Amino acid sequence: MTFSAILGAWIAAFLTLGIFSYLYKDNPFYKIAENVFVGVSAAYVAAISFWTQIYPNLFGRLFPKDGPLSFTGLEFDFNHEFNILYLFPLILGLMMLLSVFQQFNWMARWGIAYTVAIAAGLKAFGYLNSNVLNQVKASSVDLFSGSLPFFSLGGDSVFNNIVLLVGTISSLMYFYFSKEQTGNFGRFTRLGVYFLMVSFGASFGFAVMGRISLLIGRFNDLIDYSSADYNFATFYVLLFIIVVLGFWSFKNREK
Amino acid sequence: MLLKRYIPIGIVAFFGALTLSAWFIDNETIETFANDDATQFFDIIAAFAVFLGALNLLKLQFIKVLKQQSGWQYSAVAIASFFFAFIIGFFIRGAYFVGEEVYFSQGAAEEAILALGSSQQIVPVDWGAHVQTDGSLFQWMFKYIFSPLSATMFALLAFFVASASFRAFRARNLEASLLLVAGIIIMLGRVPVGSLISSWVIMYIIAFSVGFGVNAYTRNRNMALGWVLGSFGLITGLGFTMGWPVDQPAIFYLPALQEWIYLVPNLAGSRAILIGIGLGIVATSLRYIFGLEKSYLGE
Amino acid sequence: MKYLEDIILKLGAVDRRIIFLLIGLAVLIPLLTPISLPVRETPTTVKFYEGIDNIPKNSKVLVSFDYGPSTRPEIHPMNVGVLRHMLRNGHKIYISCLWPDGIYMALDALEEITDEVNPDNQSTFDIKEYEDYVLLGYRPGAEAVIKGLASDLRKVYTVDAKGRFIDDIEMMDEIKNLNDFAYIYSGSAGYPGTFEWVKYGGDPTGVPMSSGTTSVQVNEVIPYVQTGQLIGLLAGMPGAAEYEKLIASPGIAIQGMAAQSFAHIVIVIFIVFGNLAFFIKQRRDRKY
């Protein structure tokens, strides 16, 4: 194992156990790890965004090789042709950066407005097509063709299709608040609530499943780092954190 | 007013309408602009927004350090970490190829060449590719600093979910009970241990639970006991008759029951939510484009 | 009976750090002492597997790595399994990333594939970049990227992850946009991911697609499976374990199933105990 890998393992073990130390109580190890995360992630995302987007797609289109602005000495060869329209995102982007100063903070609105516009224009059709039209189409289930069994636990059946249809409509009806939900309408929407509760229960079950899976991943890494290959990093770091935390807790209790 | 309000509203209206109309208008210029250039502009401005976020973060942390507010030492850690990662990302290539091997620095690559007695050339990775190269310093930082922190923050939630399950999730009424029962069936039915739990165990548990209900409804312990004993006897008799198969009756076998709940009642609820979200997003997007919604201006 | 009720009430008021310790042990112990539990495939996973098997041999497929290290334990085994399955069927793989971390997940997955050896100590997959796969890399922009891919790939990607011009890569010659792929797969942990691929990739182009998602997302995505917008689905780590079993390549997902199972049992016990304590307290409060 290389020195960089071993050093990396010790750092990773320290940061991981530092975050887990929050389970005992809020403490300096957790705060250090949290602030390292804040700092590193901001710079990491900035670096990725610059080198994968601004550098090739913006500079590559404003300062292409042998382009009209090559007299500036700036040339970025990404196989693009010069496109003057790309001054627009450059200006909006620079305005966004200037908004960090109090007197210019209105400048970010132009860039935000553009992103809102594109998102709205893209999402409106996408959600209408995929979420509404296709889902409503799929709600028209087969009840009377006679090709399906009445009940099946695993596959399609008339009973399952009835439950699906009734469940979808009653759940949708629950979200209709323009009419008071009383009488038969109220009973129907109550049925919808029960379907929604089953759905939320399933979401809860899946959420628990997801979180446990992530914990398994962390523990797997800590187990890896506890091996001789990494000079038993997990054990030494854990011992260090426990001793220091114990001492810190004792001092805090005295205070 | 013009610069701060009307121009941003105009930008949303114009580009929003243009992007939306590109789905419906068969005009090559509009389609090309909406599908290619407009989305590229979006990506570029989003990239600048990331820098804005980083600058704001630094501003706040610096103010905290300079004014020595509570916890300023940790802000100093955040600032130091930011510049550590920033320098690696912007000023250090961190990837020098000697054949297939990658070294963090030119010096390390030269030492390797001397040590191996190789005649290979050192090929520094291109700027831009250095953030996506396997074995680079940037990738080292990602793998041993960013990645463990990011993963552990999420993994912490497992403990809080367990704590919430014990202290907060209560079957106070029928709806909450439905939620909990569905959650439990999904949790057990989806994992291998669920297939080891015999359907007969579930039948006994249901019979026992119904006994509590009979007791609560009739307030007659003898009746409840009678129910429990009777149903247990019936289940036992049935079990002996069928030979105690683990997965029969299928409706009480957790994996099969879980699958039915997942694909039928759960799907109905999820579909309703999805349709509702879709309609809401369409309405909100149109409100933005028509200028009725101005929350992006801070109003 | 009263004594038992008192014990349950006392347990109901236990310090939450004991709960943390118990759940930690429930996950850690099965990882340290591997226990093998039978994995049972669910219909959605089988549909996913068959969907990939039904792709005509030697096709071009797009695999998107839309997750990061925080959700790696769930999605990574799926994506590695998908790469194995695709390569066994002779497909050419084109790898894109909508998440910035996705590129490193992709590099790790490719490293796992290339490092894999068979019992004869030979490389199982002798894959070469630009012959068997192209690593297009990460582009920010979420749905804008997918829309761009659906229209003209070269507007989004002019160079690949290593900085090589797309036009200089022979494998990219016949690829103009998403319509030139036979199948789209997204290993997705949130936004951007499955939803965006369905709305802007699969639905507008009609290219068959599927996805592997985190457990948290499964319930939101399942309507797309029923409509056929997704051909099957891999649901979280259990889904990854089922898929590993189907492709006969057991990996970390199957290994993690024992820990997952025990943790779930512990949480169910917590829920039952918590509610028992609640009912007992409620009944006693009503009496007094």
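As written, the chains take the letters A, B and C, and residue 1 is the first residue of each chain.
One rule holds for everything that comes next: a contact is a pair of C-beta atoms (placed from the backbone, for glycine too) under 8 Å apart; a residue touches a chain by one contact, two chains touch by 3 or more.
Here the structure is a predicted model, which means the values were calculated and not measured.
S.K.: What is the minimum number of touch steps required to go from chain B to chain C?
M.R.: Shortest path length, in steps: 1.
S.K.: Would you mind checking which chain's C-alpha centre is most distant from the centre of chain A?
M.R.: C
S.K.: Highest contact-pair count belongs to which two chains?
M.R.: Comparing chain pairs, contacts are most numerous for A-B.
S.K.: Cα centroid separation between chain B and chain C, in whole Å?
M.R.: Here the centre of chain C sits 11 Å away from the centre of chain B.
S.K.: Taking each chain's centre as the mean position of its Cα atoms, how many Å separate chain A from chain C?
M.R.: For chain A versus chain C, the centre distance works out to 14 Å.
S.K.: Can you work out the whole-Å distance between the CA centroids of chain A and chain B?
M.R.: 5
S.K.: Mark out which residues of chain C touch at least two other chains, giving numbers and ranges.
M.R.: 20, 23-24, 27, 43, 70-73, 137-141, 144, 147, 159, 219, 223, 226, 235, 238, 260, 263-264, 267
S.K.: Tell me, which residues of chain A touch at least two other chains?
M.R.: 23, 44-45, 48-49, 52-53, 56-57, 118-119, 122-123, 127, 130-131, 135, 138, 154, 199, 202, 206-209, 212, 214-215, 217-218, in rising order.
S.K.: Where in chain B do residues touch at least two different other chains?
M.R.: 37, 39-40, 42-43, 46-47, 128, 132, 142-143, 146-148, 150-151, 153-154, 158-159, 161, 165, 180, 183-184, 187, 190-191, 259, 262-263, 266-267, 270-271, 273-274
S.K.: What part of chain C is in contact with chain A in the complex they form?
M.R.: For this pair, the touching residues of chain C are 17, 20, 23-24, 27-28, 31-32, 43, 70-74, 100, 137-141, 143-144, 147, 158-159, 165-167, 195-196, 198-200, 203-204, 214-216, 218-219, 223-224, 226-229, 235-238, 252, 256, 259-260, 263-264, 267.
S.K.: For the complex, which residues does chain A have touching chain C?
M.R.: Against chain C, chain A makes touches at 23-24, 44-45, 48-49, 52-53, 56-57, 60, 78-80, 118-119, 122-123, 126-127, 129-131, 134-135, 137-138, 154-155, 199, 202-203, 206-210, 212-220, 223.
S.K.: Using the touch definition up top, name the residues of chain A that touch chain B in the complex.
M.R.: Touching chain B from chain A are residues 4, 7-9, 11-12, 15-16, 19-20, 22-23, 31-58, 83, 85-86, 88-90, 92-94, 96-97, 99-100, 106, 108-125, 127-128, 130-132, 135-136, 138-139, 153-154, 160, 163-168, 171-172, 174-175, 192-202, 204-209, 211-212, 214-215, 217-218, 221.
S.K.: For chain C, which residues count as touching chain B in their complex?
M.R.: Touch residues, chain C against chain B: 12, 16, 19-20, 22-24, 27, 37-40, 42-43, 68-73, 101, 103-104, 107, 111, 137-141, 144-145, 147-148, 150-152, 155-156, 159, 161-163, 219-220, 222-223, 226, 235, 238, 241, 257-258, 260-268, 270-271, 273-275, 278.
S.K.: Note which residues of chain B are touching chain C in the complex, please.
M.R.: Listed in rising order, the residues are 31-32, 35-37, 39-40, 42-43, 46-47, 125-126, 128-129, 132-134, 139, 142-143, 146-148, 150-151, 153-154, 158-159, 161-163, 165-171, 180, 183-184, 187-188, 190-196, 255, 259, 262-263, 266-267, 270-271, 273-274.
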